[in-house]
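Each chain carries a letter (A, B, C, D and E) given by its place in the written order, and its residues are counted from 1.
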């Protein structure tokens, strides 16, 4: 029963709580990811798996060229290696002396997500699972969230792609657990929320907690080098929790005081204090 | 002259102010309460609490008659014959969809029962020609709503100590109305988001959007 | 009346206090009658522009926002910048009218009416843009805080919602300000009109009879609303600036944005006032009321505000430069040197250099020069808004998203159409409502005469019972 | 047997529950529109299996046929539709993983451009007519052209060939490991030795794109994951243009096209002179090593002595190491020699194994078969050819002039799922079921447990009623060709089940179901044995031509072009250039500058075989003497998504492959460049190669990594 | 009407006199103040003018207005109502945790409440104006369009006895026109 005043007081307590704990509410789970950039070969398997799992529309060359594509998981490729002390010889070699650096970039599910407060209709918000959720059918397409996303991982349906992306009989492949987005709606990586939901339902029916590794995101499941790890940070035993601990990275802070600064774990744009939940492990190279 | 001016009736400032604030408060609270329809006759407890430990949504909806390939009567089967909902809609306990019973299940009885009735003959003939009837969906929520029969049955029926499987019709009635009162299936509850939310609030269901919208 | 000096550029007095009240009524009421060809041409042009806008919107509605060539990095473009532009335009009228009213600057009286009208209509124009830039226009009402069955509310944390609130409040207040200030004039119209106008004005003038009681309440009401409007107007544009300042994007996340935007708003507002001032004076033969001295004052005001704006602009650059946040700095440098640099420098020229021309008397007194100057000032201000939105989005934090985009045809169509829509409304206004405040011009004349003659008068009556000059002037001013 | 079949048919029937067709209405409509009554249809099952529940996905094991690696898959089937493919965790080949091509198998299956009915001379026809025609025409000198093939399809195919006289089976694959396998056979007498990437401390790849397209990429990527774990191995790549493997290399060395062998020899030279290693068992190789001084390498391959030293030092200091090569036959042989010299044999290079039941064994396929087919066809030795799983009209390099060859064949039958350049010229086209609709057995050529056979089972009812499985067609053909022993089987499923039951030695339904669930079963296998490096000639010939060379590379994704009609793969940016939806020519910035070209300029690449026009993309990952055009695009008749780009194979001169092997991957064709004068921005995922000082991909040195043990 | 306390005779008619300028009108009022018309006080006088004359106050005596109070209370209501409305909405909203921000965010609510204050202030001011100025109601008949041009009108309700002296007074201060109507 939602009595207005009762909720106001609850609101106040949450308010103080939010201030003490840097905006952390009482989460049931805190799903997070670890991506080992040294294992990532940039082969695109994760990206394609994401297209298959999440009903992503392909937009074709013209729209891709207009940068209106919607690849929730994009593999970026860079050739420079900042913060790696170079052997002088290869510093300015006129041919490439080493491989490229690949970066799988998807929604980082920030805990202090810049996109959330700015949505006029609260179509994007934080779930009790610690996920940054996007409610397609609530979205009115003001696109403020995408403007405010430092990672540029929110994608907007500039057109209706249904006829071109899934000509019959292709629509039979669409995943019924995910809504098909139509024009004017913002969309982004959900950490495969349909899989999370399915697992939590099963767990509830069997009256148990979700096991670590029970939920696999599509990208994680297909990654040929197993560079991606996904799990619940609140679960002390989970591999993800272990990894975060091992690399001495903590949520809710934007400067990590690692006793060993050479530990590879880091979060992109940590200095923005958006508190991302994807931990990247630095790429390694034999110099 | 000044005397006369004193005779002027002063404007009732305090009263006006109080009235204003009261009106404001009323608008806020009243709207909260009424718009969310938390007042009893809309979403309170049904006359007889049919599902113990749960508040029973009493909204009603006057669904239109949806023609079906076979005039299957819920009243006859579920009502008069008292067949449990879950006997035919057996998927409901294991899947998000309740599903239409496979024709085989119908034929389980109707190879012997009432084989002379025209509707049954229709059915039998379909069965022999290996085609399944094309039913028209009656309770249809938008495609961006992912409702799970399994979870709701689990909560209200199987995890509910005071409920036995034979009470299944009561649980189903929460969202489908008393199907054992109607003939061919009709939509009997609004099944709007408001309907869902109210029930979720009254029965402490999750209020997280992604539970239904993915 | 006799001397025509007030029509010429040498005029020094704001207004000729010998204008007969009756002739004031006559002149203004005449301006509201039988439109000439020029009017219909202007109207036709406006309607065409607006029609194009409608077509573009329908197209965009059918095919999606992609028609505007927006992309994953440039989620906003001309729609938002033009929105800011029009909001800025809206600040002139109310703010000027209100402030000048409070400081008893009576030279505002002949010109504030159309300035306020401009406010109202540019707000109505601005209000269109946040709506058409929505991906799902048909759901725009979801930003309203209305009670719903679903337990859903807008997100009050979002600056866009603040916009919605602020603009609603501002539009309502400024319409009321305009309307209330117009009631006595509407009464005048009522007394002189016939036909549908009669009925219209009788309804609108709310049975104004010019009682002392009405005048008294009128004075207080007008004063109150003026007091409300000044903080409101300031808040509105600072809130608009928060759409950007509240985000974390480099180039947007700037502390000085609110005052900067307010100054910019006043600036473009004043410029627009000059434009319309000249147009009205020219087309409606309002030389008696919209006189050069007044124009002169407006120009000086514009110059001052322009300097404030320039200063704040430089402050912003400086703070970015010395703040040494690399991404922000990249944006700044890209503005000055990148693909958008022509527009950036165009903005600087029109916005910061051009105003100096207002220092020259011959410019302030030359309608034609001044007209184009004011137009270019506003072009500069429009460019400023564009330069705030687009170059920032073309860079940002993530290199993968760096790209340059140019507006699509729908965007241009809507920008043009917005001017059509504004023009349409304004043209209708000037023919239906008095665009010079008659009663206040009367007051102006009246007061000026008194301030001139009172002392003399008193002395004369005091010493010799000879009636002062007031008597004659009264007769000359009389019917 | 037939009972299970009926049930399967039933449960695979498509339902409308939560139907995707409805989902297309999407979240556009406000709820009062979508809250509807009686608008959607629901079809109920007739008599489903107990475990089939609408709204619940069931996983079925099958096999991926997107490339010859034959990974095991799990398909998620719901309401009779297959929705998603994942790797089958039980298989050793891919251990639950899939590459992007495997993921895209769904689009190959649901492809809108499938062939739905038999065609005779392009006109729709009935199966009976088509088969009648075939029986009439295809009587003698029948040839089969397939891609890599194995399992019982191969058995039936051979049977059919045997029955129709002395025909021959040509297995054609442009992207193959023939150089490597030949070298293996020649040097170690094992065509397919097992590689232990995970055990190696250092790996040198000579144009072998292990992570991309070589032999069994997913297997290698799985090993690569462990290879990168502490203690971390070093990956070095020598190639003319950067491959996916090269893009992940710690040290990448650009060699002039066709000179990888020289570089390898140079490395060997340094190993002998500098690090005192020796290779007494192979005097030939030894002399070759000795003669290839770093100076010569510099001349021939344009590889600096420093780079060469670095490679040699790494190989010498980190044991065990591994050298793999696919750039040319010579390079592959040198690689084998190096492996022996470095003592990797037995450590990271161990004998492979093969299935005992030889008829099932995989045939890898090569371009050589294609060449031979062309010759024989020209010579009129082939009267009729059945083509399946291959698109000779597209993948044949220009030198073979395949068009004429195909014309020369009197009667051509294509068994295909989609229209392509080959079906266009065939007399009869038989609509094939997709890989997800068909039965089959496949023996992975590499990476599986010894003797493992992957089972391919349908994941859904055929989308198009008229299509038939390859096995079924082969069975029919076999029957009509009078192969004895086939009459017993009404369809391929029956045949397969009997055969498999025989192999697992059990007729039990339960065992069969177990095999279906596992998606694989193990047949007896025999291990190979290495010979101690027989002293073969390395056969390295210097390429004197100092001009520009065209190298055609294969990229995981569109592969050799067979996946070009998948919008997912077209839109998945190329791993190296990040370009989508079109072809490009990779050039070194210096070279481009010499020709006064910049990114996006259209150039026409001219060999004496022909010319193609495409945009250039400049970056430092190409040797200045190389122009690199990935294959796979430029289809003319392959569906709505495949028509963009150009096909470099049309100008590759097959006869220039080293040893005239006509292996495209080992061919460097001299090419002339001329600007067309047009410029269009190449559509890419990102227009920058730099991180602009942001900390996106942070890189640390291996020393630091070693100190922290990778934080492990 | 005020001043009716010592009413002896019923007012029978309403008289409107039009004057050329304020001073003449003021003279008339001064006359009334000096009780030149028995029984009439300045409070009975209604002045109709085309513009607002600052000295009207001095002449007619101070007549208070309620507008500021309307404005004040309206603004206050807007502020309070606004804040509680927002807080209530946020507290009952299903979607609460956002970007690590508290449920009821003070800064945003202050901004919005501020806008609401102004909005309601303006609206109530308007209401106060309409009430206070007796607008939007059937007005007393006596009115002359000349008033909206340049003439000053004085309206007084008089009894028969007072009628004559008043007209004299008017005439004395050279009234331009006189209209009258009977009071029913």
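As a convention for this text, a residue touches a chain if its C-beta (ideal position, glycine included) is under 8 Å from a C-beta of that chain, and two chains touch if they have at least 3 such contacts.
Note that the structure is a prediction, hence the values are computed from the model and not measured.
**Student:** Determine, using the mean of C-alpha atoms as each chain's centre, which chain is farthest from chain B.
**Tutor:** Farthest by centroid: E.
**Student:** Which chain would you call central, comparing Cα centres to the global Cα centre?
**Tutor:** Here the chain at the core of the arrangement is A.
**Student:** Out of C-D and A-C, which chain pair has the most contact pairs?
**Tutor:** Pair with more contacting C-beta pairs, C-D versus A-C: A-C.
**Student:** State the chain with the largest centre-to-centre distance from chain A, centres being mean CA positions.
**Tutor:** Result for max centroid distance from chain A is chain E.
**Student:** Give, as an integer number of Å, the spacing between the C-alpha centres of chain D and chain B.
**Tutor:** Spacing between the chain centres: roughly 54 Å.
**Student:** Taking the mean of the C-alpha atoms as each chain's centre, how many Å separate chain B from chain C?
**Tutor:** Chain B and chain C have C-alpha centres separated by 54 Å.
**Student:** When the C-alpha atoms of chain A and chain E are each averaged to a single point, how far apart are the two points in Å?
**Tutor:** Those two chain centres are 64 Å apart.
**Student:** Where the CA atoms of chain C average out and where those of chain E average out, how many Å apart are those spots?
**Tutor:** That pair's centroid distance is 30 Å.
**Student:** What residues in chain C touch two or more of the other chains?
**Tutor:** Within chain C, the residues that touch at least two other chains are 136, 139, 151-153, 155, 157, 161, 397-398, 400, 403.
**Student:** Which residues belonging to chain E are in contact with no fewer than two other chains?
**Tutor:** 85, 88, 90, 92-95, 98-99, 101
**Student:** Multi-chain contacts in chain D: which residues touch at least two other chains?
**Tutor:** 18, 23, 26-28, 31, 55, 685-686, 690-691, 693-694, 696
**Student:** Would you mind writing out the residues of chain B in touch with chain C in their complex?
**Tutor:** 31-32, 34-37, 192-194, 197, 201
**Student:** What residues of chain C sit close enough to touch chain E in their complex?
**Tutor:** 20-22, 25, 145, 151-153, 155-157, 161-162, 165-166, 168-169, 172-173, 176, 180, 184, 187-188, 191-192, 206-221, 224-225, 227-229, 231-232, 235, 239, 439-440, 442-443, 446, 470, 474-475, 477-479
**Student:** Please output the residues of chain A touching chain C within their complex, sorted ascending.
**Tutor:** 2, 63, 66-69, 74, 76, 105, 114, 117-122, 138-144, 146-148, 150-152, 154-160, 183-186, 269, 272, 274
**Student:** If you look only at chain C, which of its residues touch chain D in the complex?
**Tutor:** Of all residues in chain C, those touching chain D are 136, 138-139, 326, 330, 397-400, 402-403.
**Student:** Can you check the complex and tell me which residues of chain C touch chain A?
**Tutor:** It comes out as residues 63-66, 69-73, 75-76, 130, 133-137, 139-140, 142-143, 151-155, 157-161, 164, 243, 246-249, 393, 396-398, 400-401, 403, 405.
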